[in-house]
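Chain nomenclature is as follows: A, B and C, assigned in order of appearance, with residue numbering initiated at 1 for each chain independently.
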């Protein structure tokens, strides 16, 4: 077997930034054929570190111990060296890491996305810990106020370093309560966010409908002055969901703010808007939300431009 | 067990386009409690097919056999049906496919790409066979003229339907002969292309060098009229390869064709070009090839524009 | 034994020179990354550890221009490359950042060894059984694999320097 020349042991491979760290280096007798008083030296990165306490152990090996009072680098190389002729020989190296315990992830929020058919959750990871920190979205199916755990759901591991994760449809019961939280873990410890208790469908966010001008038809009288007729096409994946919608309009020019019209029952699919300034170009937008069952408002649709 | 009502058997699930195909359908007794003379009918897609020959078998089951003289659809559904009241009941369905034997893949050519460190081969797949056809790039390591197989190389399966495949570096011996061919296979058979016998490094295609103007230096006399000075930076992954290069130039304006200068030893890295029309803007391009060892010419470099 | 130069095809010698240049570039890349990533930049700082690890070196005594013995030189070149192939293999797991560079170096060394061996076979001077790389140290810690990497890469560069000189001499028209 191979004779190990020197071996470093550290009190802990990862410490909190600024905390002390103690290391010892044992020089094997066969390696220290250089004479009994071989002097062990320590280097942090490229700098020699004073303060190594060296002693000869019963079995003839030499041991040096050093305490670095404050490790202020998030990553550093500690080398155990030996003077040999006029060169400094490196016998072993240890990678020291320092950082912070993960902060408690906060602002966890989730949306049910019917396009991807997944529950998309995002959170604030908190400040950089300088350490490799893994975030995992954990959840379980539950009842009522999520006190009891019914079925576990496999962990959702975000893609490289993102602060969001998508739980696929096959892991979800859309109309059942589930408890969700984020766990942050690094070498110094673990922190978990407060738990959300939600029903996936109750956090559904729809896509806005598509707005169109209502094509004039011979058999229908044209809109009176100061009125506009429009129709909308609901978003396909949301067709099975009862919704209410809101319309907003503002003159394209000038600084008038949006005027709101609603709620509009989403099934009517068309609307005549009156009380507008004649011969004026208007921008119209619509949004909808699951209703009366809970849900989030969709974004406003792209603008439809019509002129009275 | 579930009593099968009817079961279709076909002479072959896949036939050549236009070839005949025969199918039989056996109606189970328990299913034909509709009375002994239940009449079996055939449909190809939505069309009833006459010509089914029905007979009662010894065990009381009814069998109908039909031969479609020419299957002209690359894909069709054959249904075995039974008249039941005034409805036509579908008892079983068979998917029929028709197409062509794969053509022999041709024009197989390979290039050694030092950026991706892989041997990239491409070929002409031949006409559409209407059937799912798998192409596989096969190869083995060999000696001299590829008569004997030394080590096999794992098959290279192109990405979805592409007619090219990349053999990664770890499967290659860059300076040894290897035999390469393409195999096309579908339900009707297999065809193999002629074999190529090559040495990967001998089919290396380099990237062109980067052309720069030679910065004027105080201690160096400016170029005489009608002369241009340029330098080039060889392509990094090809630095270990001995090369020769060619330079071509043409006045930026007017229709003069390219004039060729070379071979230029690739290590000189700079060149003074004379005999040009003074005060004229020129476009310059360069390309290189492995030399004296075999290789392919790189593409021409992007143009460098200099004015005499 | 073979007369120098005349018996070796020029294309073989040019390919070898090309392969040596590639391996030198791979080796330099490994040395650069060991220095940048792990601050192990000088083999001289690792001599003591090298002795303890017992890293063997390959000799090219039959390749010096004064005492050039072509057959012995080719077989020394081949067994030296086998030794480095084995040493590089023992460094596997050196570190995720260095793995691709180490893999490329190993592939190119293996290719070069195969090229030499096949030429020896073509010349009818290859021994019946292909030799193996002999005893290779086992590196028991990530640090030892990195320190071993510095020492092996440095020894390999010296070995290649010698090989390049003799191949250039043989390739001279």
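As a working rule, a residue touches a chain if its C-beta (ideal position, glycine included) is under 8 Å from a C-beta of that chain, and two chains touch if they have at least 3 such contacts.
Just so we're clear, the structure is a prediction, and the values are computed from it rather than from any experiment.
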Checklist entry - How is the touch graph of the chains shaped: line, ring, star, complete or other? => result line
Item to check | Most contacted chain pair (by C-beta pair count) | outcome: A-C
Item to check | Chain whose Cα centroid lies nearest the overall Cα centroid | outcome: B
Checklist outcome for this item: CA centroids of chain B and chain C: separation to the nearest Å works out as 38
Next on the checklist: What's the distance between the Cα centroids of chain A and chain C, rounded to whole Å?
Outcome noted: 48
Checklist entry - Across the complex, what residues on chain A touch chain C? => result 1-7, 28, 30-31, 34, 45-46, 77, 81-82, 84, 87-94
Checklist entry - Which residues, counting only chain C, touch chain A once they are in their complex? => result 38-40, 44-49, 52-54, 137-141, 143-144, 146-147
Next on the checklist: Which residues of chain C touch chain B once you look at their complex with the stated criterion?
Outcome noted: 11, 14-15, 17-19, 21-22, 24-25, 103-104, 107-108, 111-112, 114-115, 118
Item to check | Sites on chain B touched by chain C in the complex | outcome: 117, 143, 169-170, 173-176, 201, 239-242, 292-293
